[in-house]
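Structures follow.
In what comes next, chain A is part of two complexes: it sits with chain B in the first one and with chain C in the second one.
Let's turn to the complex of A and B:
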């Protein structure tokens, strides 16, 4: 079980799992050697809303950093998620087809999207945020959002 | 032998009876030969009875969801005999309506099996075996189609049925295997799944709804059906059906090897064939294209003054395609000129969610070299769809990049089969996405999803955001 950093902004509590890396956009990256599992941060899933449909690029797809690796559709937004690494999609969460709501229910666990085989994980990792850094970025964004409402 | 008619029509289905009504309206003396009841496959054993069943099963789904809508319905269950009565009385009323129209328009309805003796003469054999002949200056062949029977061993086993038997729901099989993931197979799969069957679909092609369905839509439908618990095997070629102790076993071949599943009933729905055998066509020299009657763009056959329409000429086997061909050919046989604009013939599938399309798919448009821009909108962001509790699906418009002309519209979602009419109009008149977007659509309604999709052409969608 990962541990979490937690913050509450305007009644909403957001968790950041401390066992992985993040992109600025809120895609988490959990490495296992050169293979990285990716998903949506708790903040990104809450901000996006109830997920109706998730489409992940099929295994075999080559992606460069920033290329769309998945798209999720919620009630009011379509969110294109950029790949956090250069590499090839090697596994897609089969549950995404049948119950994409897993992203909302368990963003750091059952709601994972794909596993990507990174061509140069060490280099790509340098571009990512550690949990503490993402926590700061996320909190600032959440507070900004709260002000808008 | 009576005076020659102006027009003799072989087959009283949607193509034939519409041609009869229209030709008569244009002043022709018309004889219509029909071996069974008017209305053909569509009205008697096709579109109409299946839609009666989908209407009931949709109600059943909603009744089971009553709580979501703030209602208490203590008990809801299908009542099969009443369901059959409702279905049959709907069919009977519509058949009666067509018969009355034919009478009002003074069309001579000859009941019996028609056989082409000469390009201007039909033989009619009635149920009692009495033979008569009809001569006419012009002949329209509208013999329709028959259920395709693939060469699969075991097709004649008890429990192996076609769509015709599937309409007569006497029992709900616990496990239903549907061979064929096309329109007919999928509609029945949805009907029986709602009634309580565990349904498995076997489709030979790599996706369900082969041919002409936009990939994005086919993919969404696959997901929706799987979410509801239907099992779908694609790329599955059925090898045989055999009787086993507790039902039927279907063996099929997939890339990964042979596989077999067991069921209580097997519905074979692999399409329909033009009904062109045993009605004198080859004897009289009508040119065929495979099983279909070969026609030119005016629906003329190779024989002078002999025309053909509907399922028998192949292409999309759709009642509304036959109807428009009937109207067009009625003008030809009365001295007019018109052509069918096949681009604007929609295709509709009454699954849940419904699927509908018109014009070019994205892949077809790109294959033709068109510079394409896709504009789409999900039903999850349409208020009416939310109210209905049917927010699954999307509207996808395939537009010409520069002009915004709508080349195709592809829908999956609530009432998609109704909503496609606007897309068909757009394709027919060459409307642009801007034309749709600046036509104010009433709020809160499902057609707003068409407007919002059209707004997407200018990246101006209001009620949905992409980031």
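Let's turn to the complex of A and C:
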């Protein structure tokens, strides 16, 4: 079980798992050697809303950083999620076909999207945020969103 | 006016939300067009306000609720009002079954939203028919009514 950084903004509480890296957009990256598991941060899933559908690029798809690796449709928005690394999709969470709400229910666990075999993880990692840095970015975005309410 | 013998249809009251609009359009179709004799619309807002007639309508008959989001206000309010939810629908779940009908719009639904509302209305009508059959059988003492 990962540990979390946590903040409450307005009536919403957001968690950031401390065992992984993040993109500025809120895609988390959990490395295991050269393979990385990816998913949505708690903040990104809450801000996006209840997920209706999640379409993940199939295994075998080559992706460069920023290429769409998944698209989610929620009750509020359609979100294209860019790949956080260069590499090849090697596994897709089968739950995304039948119960994409797992992203809302367990964003850091059962709601993972895909596993990507990174071609140069060490280089790509340098472009990602550590949990503390993402926490600062996320909190600022959450506070900005709260002002609109 | 309410009729305690008719099944209460309680849709989401979310104003300014697409899924709320879908829930209400489906409720209107069932209560006004396809099953007007068997159902009655009970506005969620009246339940929230504690309107006695609305509370009586759900307390004394079965209810079908339609929730626009996971807060499930319609279902919760019917239960808090002493009613029995025979079937609860979530618009998001219905949309997952009809991916081709992507709802958009608020005051006026797009074609996808209108189609989704009709599909939802059809599912509600089927539940209403099923409940009616069970009630008839129950009245004859041949079948026990079960929680949906």
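Observations on the model:
We take it that the second predicted complex is superposed on the first by the 149 of 149 C-alpha atoms of A that agree within 3 Å, B and C clash if a C-alpha of one lies under 4 Å from a C-alpha of the other, contacts with A are read in each partner's own complex, and residues count from 1 in each chain.
Following the convention adopted for this analysis, contacts are C-beta pairs under 8 Å (C-beta built on N, C-alpha and C of every residue); 3 or more make two chains touch, one makes a residue touch a chain.
Computed from a predicted model, the values in this text were never measured in an experiment.
When the shared chain is aligned, no partner comes close enough to touch A:146: not chain B, not chain C. In the superposition on chain A, A:97 makes contact with chain B only, while chain C stays out of contact range. By the document's definition of touching, of the two partners only chain B reaches A:80; chain C does not. Contact with neither chain B nor chain C is seen for A:64 once the two complexes are overlaid on the shared chain. In the superposed model, more residues of chain A are touched by B than by the other of chain B and chain C.
Judged by the touch definition given at the top, the superposed model places A:52 against both chain B and chain C. Overlap of the chain B and chain C interfaces on chain A: residues 52-53, 73, 75. Only residues 219-220, 223, 226-227, 378, 380-381, 386, 391-392, 463-467 of chain B touch chain A when the two sit together in their complex.
The touching residues of chain A, counted against chain C in their complex, run 50, 52-53, 73, 75, 104. Here chain A touches chain B in the complex through residues 52-53, 55, 73-80, 97-99, going by the rule given at the top. Only residues 17-19, 69-70, 92, 95-96, 99, 102 of chain C touch chain A when the two sit together in their complex.
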